[in-house]
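In the two complexes that follow, chain A is the common piece, with chain B as its partner first and chain C second.
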Partner chain A sequence: MKKNSLQNRLRQSQMNLFYIPALVLFSVFVIYPFIKGIFISTTNWNGYSQNYKSVGIKNYLRLFTDKNVRTALINTLIYGFGSTLIQNALGLALALFLNEKFRGRSVLRAIIYMPVMIAPLIMGYIMYFLFSYNRGALNDIVMLFGGEAVDWMANGPRAVMLMTLVNALQFVGISMVIYLAGLQNIPAMYYEAAALDGVKPFAQFRYITLPLLHPAVTSAVTVNLIGGLKLYDIISALTSGGPGYASHSLSTLVHRTYFGAENAGYASAIGLFTFLLIMVISSIVTRILAAKEVEVS
Partner chain B sequence: MKKKTQWWRLPIAILICVVFLSPLYILVSVAFRSPADLSSYWSLPSEFHIENFVSAISEGKILKSIANSAIITVGSVLILVVAGSLAAYPLARKKTRFNAGVNSFILGIMMVPPLSILVSLYSVLVDLKGINSYWGLILTLVTFELPLAIFLYTNFIKSLPKALDEAAAIDGCGPIRTFFQIILPQLMPVTASVVILTGVHCWNDYQFSLYIMQNSNLRTVPLAIASYFSQTTSNVNAAAAAALLAILPPVLAFLFLQKYFIKGMVDSAIK
Partner chain C sequence: MKKILCLLLALVMVMGMFAACGDTDETPATNAPVSDETKAADDATEAQVGSNSDVVLTFMTNVVGEKATALEAAIRDFEAETGYTVEFSAPGDSYEELMKTKMASNELPDVFTTHGWSVARYSEYLMPVNDMDFASRISDQIKPVITDAEGNMYVLPIDIDIAGMVYNVDVLESCGINVDDLTTWEAFADACAVIEAAGIDPMHIGGKDTWTIGQFFDWVAPSFYVTDEANSKAADLKAGTFDTAVWTELCQMLYDWTEAGYFNTDVLTADYSSDIEALATGTTAFCFYGNYAISDAMVVNADANLGMMPIPSNSADDEPTLIAGEDIAIGIWKDTAYSAEAQELLEYLARPEVCAKIAEAAGNAAGLTDVTVDLGVIQTYLDKYNTVETFAYFDREYLPSGMWDVMCSTGAEILALNSGSVEDAASVMEQSFMDKYVG
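== the complex of A and B ==
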């Protein structure tokens, strides 16, 4: 007996060896930089000089009064929640549309999912051919109907909304696939029983489909939300945060503050603030969704 | 069940095609268009101007960047498969408090936005001489994709019968031998998902590559496209040709291996 437990402990400790490669990578490339980042955020370091001094929490105080941070924060929330809303509403609609058998549905699925393969940065450049003022494909259509050419990205709020839409449409295939898998997991007998009882299709959707799709909603929302709040590549390709600072997300603002304004200390503070924000929002949202899940079953 | 007429599906299907295919159509149309052809991008090019691709390859160094991206993606995916499956094995098999802690720590890392620790990660890489090196970018990408790989492997190993391990233990196999001889050979299906999902992420990465690969000979595909678009504002057609070449590998892989891509996505989202 005793020997057995000793063997077990040996086994367990041998199994802990399996963690080593992962833990080494996490320590060197996440934990250590994270701690170092907290330290840098309390200095006025410019990113390359040997000389810098501690400024305490001044960088953090500056966060709350900085107009550019406020714009980027609002934009980040729009990118995050806007994309999530569109991707889930549209993703569910597309999944319902493509869940029934008809000719051409697998082609349509592939067409919707294909943009997920394209690098978001390159997708941004592709959209440039649609949105640009001169010769942009969208303006050709506007002018065909007798309208004036529009400089789509010249207006901050409009640029934010267009880029939210581009991001949402590029990745809507992910939500669609998750919802399709969820729909296929609902046993057909529920619908058969409901149909026998004369339940109308809309009520079937409301009382069978939606509640049973809840786990799929949870995962689709989490995936989209974290992706949207981190948005960087599309902005970098289409507006670089402009005009002025009007379409920056917190991520692009970190880049601009570090490499553009050479203010590594402040950039580090904005970065850690972004991390905290995403952490808090995604844990609140997952908690709300998980609580609803218990209610259902 | 009798078949209802489904005429209403047609307009929706057409709308889907228009919305999702028109950006690609425009890209193809610009890429094959002569710079002298000033008609609308919606119209077909008057001639197929292959020279755009020639300049994309010679000036934009697209082929070189595709080679760089291939090295980085293959290197990252190989390490991800090894480190990911290794870490997943004890996580899936032993329910100790230590393992539960490791698990929530790994899921927490999934939420760290790369940009939030950019400043310090960059300075760490400078200290390690990892800037402008393949290994610097590979190890960074591996670290940030590792939680996804571990998550996929853990779920899969949990579904393998524990009797396999027990039988091996009775025959005198230690955990290390059990893993390599019994567990590892079973992991093929989930390894396909890990390779596909993390491979696409590594191929398409821009944020890390932007900081780590500053030397123009080490540019990955997104970096080459970004610099091409910002430099040659005069020749948008060649830039479009470069973008078209750049998206071909992942798009073709998807079209041929659709089933695996979809399965990988579903595995990663639903437990």
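== the complex of A and C ==
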């Protein structure tokens, strides 16, 4: 017995050696840049010069007083939670619909999933032609009904809302697929039993479908939330963070501060703050949802 | 035994990973077309070219379109003549960011273009060109712009960017405006009122691209700070003092013009291509761009009647001026392993016939005295204004590196007519100037 256990442990330790390549990659491309980023955030480095000096925690203190960071933080939360809400509500509705058997459902599933395969930057440029003031498709429709052309992206809060919607609609296919998988894992006998007992469809959804979909909700919410909180490409293509700083997310602000304003030290501080924000929010949300899963099970 | 095997396998995987990341000794094959002359070269030359085939120079440039095509064609001819390989790369919009990361790691291309920053940003990475043959042929117009305080020049200026305001001749004629009367901003604003009353956008800015907003400040700021000799703040700026009141005045002018409707309605969301289209099709009168905008607009509408005028002054006591700056300027990385070969490339590009072709594609006068370029309609205006005084690009000459973005973002706030944006813009500029100024 003891010999077997020793052999198992030896075999396990041999297998562990195969983690080394992944660990090396992770160290070189994630851990080292992360540590270097912390160091840079305490300097006034402009991002390219060989000369810089330490400024201590000045960059971190500036985070609390910078109104552009405040705007970007609020926008980031809107991008994150707004997208998650829309993607999950719509994704679940689509999954429920496309879980039914009807002709053409596979084609419909593919069409809804298709935008996921388009690079977000490309999607942003496509949407730019939709929202453009001059000859934008949306304004053409508005004017067809006698309305006046609107400069959709000229207003910061409106631009944020529209980009949240664009992001949500592009990636709703991911939520739909996760929920479809979840729905197909629910045994049909539960519904059959409920139907025999005369349970109405809405009650079936509330007391059978939703509780048993909890693992899928956890996955979909986490994936959508992280994606939304680090939104970059669509903003870059549609508004470049403008007008001014009005539609920046923290991710685009990092890029602008690093390369545009040549303030790599401060950009690193914003980057670190963004990392912590996403980590804290996603772990809180995951914990809350995981706790619900336990309750359900 | 198994343990050793596992360890070896893991090691092989790690080594393989690094081998894949490492440099290769293989010389990339050149796809340069070989000219008839080269084919007919004698054995000795072939032997020489053969020995040169090990040389691989890297060349990066910010230029795109026609300019990049002309530059690459010249480089391919150089390859055919020398047998060297030149890895040409023109990454477009991401060039500046790429160069910043390369400077950070101190691993630059052997030869690269400096897009207006040969002195202020790149000089610490470049080899002086003062002793090269072409140095004595560099035009006096561009010399002050590419020379540092120690008298060193770091680039071969293929052409000179002499810029004023570009305008649509037909629009101004239809509104009865004579550009030669627009000598001050006051007269310019009066003209804008007339154009606006005619239902045409007097000025067009594609603010979504942000750099287009910075252009406004680069064009207008010299007339507020440096062109009027009696009130010049040039020395103060160089000494690290930023006059916030003057910047407030400048920003107020932008605010007033925006409020008066002198810019396009979608000033915050249009892009550069919209500016060019508006200029080419006569839906705007003026744009704040160099002569490249005329070349670009002619592509949109070959019949467009376009012109270039000097930039108005801020007071009746001052004169209109032009902006002079680097355009295609090429330097050599000081730590290159191929110093002699890179110098050979620069000397090749400085040959009159080679330089002329590239400058012509750029639509600019050549940066070398013995090179003549056919600039078509642009030449008419360069000749007309050849006595107008030129000043360097404001941000490159008088502001610390990194201020461009501040001008763009604060300008957008003004164009959005946000309350307090004028005062905010001035104070942010002052703060950034103080933060970034290195004495």
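The working rule: the second predicted complex is superposed on the first by the 284 of 297 C-alpha atoms of A that agree within 3 Å, B and C clash if a C-alpha of one lies under 4 Å from a C-alpha of the other, contacts with A are read in each partner's own complex, and residues count from 1 in each chain.
Here, a contact is a pair of C-beta atoms (placed from the backbone, for glycine too) under 8 Å apart; a residue touches a chain by one contact, two chains touch by 3 or more.
Remember, predicted model here, so these are calculated numbers, not experimental data.
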Of the partners chain B and chain C, which touch A:63 in the superposed model: first, second, both, neither?
neither
For A:72, using the defined touch cut-off, is the partner it touches chain B, chain C, both, or neither? Pick first, second, both or neither.
neither
Quick one: is A:21 in contact with chain B, with chain C, with both, or with neither? Answer first, second, both or neither.
both
On chain A, which partner's contacts cover more residues, chain B's or chain C's?
B
Of the partners chain B and chain C, which touch A:86 in the superposed model: first, second, both, neither?
neither
With the two structures laid over each other on chain A, which partner does A:160 touch: chain B (first), chain C (second), both, or neither?
neither
Which of chain B and chain C A:282 touches, first, second, both or neither:
first
Once the shared chain is lined up, is A:183 touching chain B (first), chain C (second), both, or neither of them?
neither
In the overlaid three-chain picture, which partner chain does A:47 touch, first (chain B) or second (chain C), both, or neither?
both
Where on chain A do chain B and chain C both make contact?
14-15, 17-18, 21, 25, 47
In the complex formed with chain A, which residues of chain B make contact?
6, 9, 12-13, 16-17, 19-24, 26-27, 30, 38, 40-42, 79, 82-84, 86-87, 89-90, 93-94, 96, 98, 102, 105-106, 108-124, 128, 139-140, 142-144, 146, 150, 169, 174-176, 179, 200, 203-207, 221-222, 225-226, 229, 236, 239-240, 243, 246-247, 250-251, 253-255, 258, 261-262, 265-266, 269-270
Residue ranges of chain A in contact with chain C within the complex:
10, 13-15, 17-18, 20-21, 24-25, 46-50, 131-134, 151-154, 239-240, 242-246, 256, 259-263
Interfacial residue positions of chain C with respect to chain A in the complex
2-3, 6-7, 9-10, 13-14, 17, 96-97, 99-101, 103-104, 106, 121, 124, 207-210, 265-266, 268-270, 274, 401-402, 404-406, 408-410, 412-413, 415-416, 418, 432, 436
If we count contacts the way the header does, which residues on chain A are in touch with chain B in the complex?
11-12, 14-19, 21-23, 25-26, 28-30, 32-34, 36-37, 39-40, 47, 94, 97, 102, 104, 108, 110-123, 125-130, 135, 137, 140-141, 169, 174, 177-178, 181-182, 215-216, 219-220, 223, 226, 229-230, 232-233, 236-237, 250-251, 254-255, 258, 264, 267-268, 271-272, 274-275, 278-279, 282
